[in-house]
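Sharing a structure, written as structure tokens. Questions coming.
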Amino acid sequence: MTDAPASSAPTEWVLTVSCPDGPGIVAAVTGTLAARGDNITESQQFGDPASGLFFLRLQVVSSATRDELVTALTPAFESFGMTWQLDAVGRRVRTLLLVSKAAHCLVDLLYRERSQGMPIDVVGVVGNHPDLQDIAAFYGKPFHHIPVTADTKADAEDRLRALVEELDVELVVLARYMQILSDALCRDLAGQVINIHHSFLPSFKGARPYVQAHDRGVKLIGATSHYVTGDLDEGPIIEQDVERVDHSRTPADLVAIGEDVERRTLARAVRWHAEHRVLLDGHRTVVFR
Amino acid sequence: MTDAPASSAPTEWVLTVSCPDGPGIVAAVTGTLAARGDNITESQQFGDPASGLFFLRLQVVSSATRDELVTALTPAFESFGMTWQLDAVGRRVRTLLLVSKAAHCLVDLLYRERSQGMPIDVVGVVGNHPDLQDIAAFYGKPFHHIPVTADTKADAEDRLRALVEELDVELVVLARYMQILSDALCRDLAGQVINIHHSFLPSFKGARPYVQAHDRGVKLIGATSHYVTGDLDEGPIIEQDVERVDHSRTPADLVAIGEDVERRTLARAVRWHAEHRVLLDGHRTVVFR
Amino acid sequence: MTDAPASSAPTEWVLTVSCPDGPGIVAAVTGTLAARGDNITESQQFGDPASGLFFLRLQVVSSATRDELVTALTPAFESFGMTWQLDAVGRRVRTLLLVSKAAHCLVDLLYRERSQGMPIDVVGVVGNHPDLQDIAAFYGKPFHHIPVTADTKADAEDRLRALVEELDVELVVLARYMQILSDALCRDLAGQVINIHHSFLPSFKGARPYVQAHDRGVKLIGATSHYVTGDLDEGPIIEQDVERVDHSRTPADLVAIGEDVERRTLARAVRWHAEHRVLLDGHRTVVFR
Amino acid sequence: MTDAPASSAPTEWVLTVSCPDGPGIVAAVTGTLAARGDNITESQQFGDPASGLFFLRLQVVSSATRDELVTALTPAFESFGMTWQLDAVGRRVRTLLLVSKAAHCLVDLLYRERSQGMPIDVVGVVGNHPDLQDIAAFYGKPFHHIPVTADTKADAEDRLRALVEELDVELVVLARYMQILSDALCRDLAGQVINIHHSFLPSFKGARPYVQAHDRGVKLIGATSHYVTGDLDEGPIIEQDVERVDHSRTPADLVAIGEDVERRTLARAVRWHAEHRVLLDGHRTVVFR
């Protein structure tokens, strides 16, 4: 968490909470805020009978500083064993984009940052190939060429980790990055790495999904945006979408059509994450849209 | 409101509230419930900057009777000038279906009542033609044939009013009922009559929308479900959906394709209304899905 | 093929053809028809580079009898090694519906036959449970209760075969029939049996797909209509569709939402088959919509 | 028409034809090609009962030059009074993009030209504001700043016409160009100018459609791509699409969501036009996808 406003002018805050379900959770949080005279402007909640967990997302306008709010809420946080996040609404999340050669997701995210108010601050672009350097440059983003080969994989990942630390990165987006992160890195960045997979998971896991899709003769092709875990293509799904195709489409057509689905699916996932709308519920997600 | 459980065994209640926006609304309601030890299981809210109104929908598990809950909440209701509804979750709303000759919406709603747990209790079917009597009979529903001509329109509407009263009807659904209700009836049943219009409003208002759509060469056709007001085709929209078509479709094709869009659009609107998810915000709706 | 008009009044015919790709196919067929003075009213074609096969679907208005057309076209059929079908446009395909307890697909298909002009003639309904007898009766369809147990499976299938033969059945639709046909029956009825699978294949093959879908946390659920082959859930896909869901949906919700997707996906597949729009291309389909 | 291959190596050609409907049209064209030994690889046709017109689109592989093909086909063209176009498949259509300040459609089209094989050759970008000059420069496109005021409108249009002529422009795309072309220019470029309108026409014609959509409380917002005629917002529709929204969206949200719908709707229309898939049928279009 960085850059939170410290002034006492009214700020809109977003609070997300998860904890074991039970009575009194909402009242404990909203009662605390009401006692302070703060005004709740958005509220969503979900109790998952399967996991026994409860999830809450609030937006609240308050003249308190972040520290004052945390202090006020700490009794509730502690008595219910809450996992929580508190951030200023609209604060831009420091984001690192990882790419290879395909430009569509990169162009789309940079465009949305600049022109659509997506609350991310892209602090750098990493490519294992140099191809997309000019696009990064056009948007004024530092480009880091970190080639990856079997021999250099460990070194490359060290450079990546160093970059994440040095740039104070909060979110890593694999924007069609054709490399697999190590288990260790996945663990260390759990819940902070979003991938776009070019199929409607769990169909067509693994390589060349459009060729598989063409071969199976499916009538819709899809894309899946998910958090990255060590378990490849099995991370918690954030968003999925599909597009209709027919028999006349070649595998190359499916790739082109798929690009549109991929970029919009990834963009939604990144936006919802950056707006603190996505909460982890085991290997599933709760998305408060 | 009828049939609300009176026992003190824990019941899940749904409370909807609207009032002028301002601080403290959520806290007043949830604080009251928390003080009673009741458990909020669902919560959605929306403040509309355009109308200045605030909307809240809660589900709460409580061992209180309905009267006890109302008593407890009355101070909040009064101090904020709230319009409110309180109902048991899942209670089936007493519904009257009005039809003409087209069967698709009727069949669909009766099927969903019987097999999909849609929380409506269809207490009768009214047809201005007798054609759909057998479908009503198959589902065990009383069918009332009330013909409408220019001469008998006032009489017919009187019979309709009498039926609404006698059957304790809470919701009237115009399931492709090809008659226009009088202004007076619209006013008296405001917010209790749902219509399905066979176009994507505000396109193609008025008669024969599929012919208009064909003539204009649109590439998607749609349907709109809305509350009925005296202002024809201008009532608050609850739900809309579309289907893709192409140049090769005749007006007759558009009608057939449109039937699918109509029945699912209407079914969603009726379900959301019956689950108290739709709140009126002037000539717009808030739909807490 | 039954009931083809024998008169010499102009009839609209639908001709489908598949054969190894190569030059001159279209010209051979259309040249023959042009030489007769027949008027081609619809034409679609597709050459599949993957399989090397060519597919053609024509509608043609002709005053010829079916026999005269076949005689005229036989040289083309033979010189290109064509597989072909010739039928009168709009002739209703004799169809047998197989069901278990779930009514939604049965109700939908019977409604579409009666009211939407779907060109099928449902000559009977077979249930391995008696539950849906009343719906069949309502639509005036003979209902055959053929229970299936481990012990009686062979007998039951014999009765099914006998029915198919006796009723001159051209198409068997598994409208949520919860039994697996034997390999032998699948082979004998190849290309004549359509199933609806309640998932977006190839995801979630096998039993209880909605539970699997819920557990995986997918954001869209789907249905797949396909020809039945001995290879369970792997037959050629005719149509697929999806519906958006979110974290708050229980497995029971997914089932209810899924019913809508299933019935419309199956209805499209059955209609396209009955209109001779679906051609087999190995384990894929060509669908000329 | 420019740059058509002149060699006699086999080329794939696309032929589009429209004429009054009647027997023998397909046979006349395909018979001519068959007699030459040319191979038809794609074929679509449509007879519109409303307009009485017939439409045909063929792709054919031939070793003929364009002139030889035209000569061969001229008897058919003449005897049926055909309007026709003949082009090499994949030839890039010389395209001029007109923009104001909004970048999303410009970025999208330039990306698709460069990376997705959209068969357009963007020969220049015209802006009535200079804002998007850098994007044009990034993609290596000449940018022409042609300001438009009430006083300079006639001059500006003269410069536009000069540019169209000088650059041999075949297609003008109004990629969120916030100016209205004069009737005279619309007439002169009839069927060669594509606009993207930010509403689901015919809803919300005119200015500020997202404000209108918000005010009416619609549940889907859409975009319409159409040919430009003097009759504002009434030109033949090529493609439409929609996106779901709910009550919580502000007009600003609708604008951002709308951008995605606009760019993909426009991109499809431009691609289909450039692939000669769009034929004019009075004030409607036939789109052979």
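Order of writing sets the chain letters: A, B, C and D. Residues in each chain are counted from 1.
Here is the rule we use: contacts are C-beta pairs under 8 Å (C-beta built on N, C-alpha and C of every residue); 3 or more make two chains touch, one makes a residue touch a chain.
What you are looking at is a predicted structure, and each value in this text was computed from that prediction instead of being measured.
> Determine the shortest chain-contact distance, in steps, between chain A and chain C.
1
> Among the chains, which has its CA centre at the largest distance from chain D's?
B
> Same residues or different residues: which describes how chain C and chain D meet, taking over half shared numbers as same?
same
> Just give me the whole-number Å value for how far the CA centre of chain B lies from that of chain D.
About 42 Å, centre to centre.
> Based only on mean CA positions, could you tell me how far chain A sits from chain B in angstrom?
37
> Multi-chain contacts only, two chains or more: what residues does chain A have there?
None at all.
> Of all residues in chain C, which touch chain B in the complex?
The touching residues are 103-104, 107, 111, 115-117, 134, 138, 256, 259-260, 264.
> Using the touch rule from the top, collect the residues of chain A that touch chain B in their complex.
Chain A residues touching chain B: 22-24, 26-28, 30-31, 33-34, 37-45, 47.
> Note which residues of chain D are touching chain B in the complex, please.
On the chain D side, the touching residues are 46, 48-50, 200-204, 214-220, 222, 236-242, 246-248, 250, 281, 283-287, 289.
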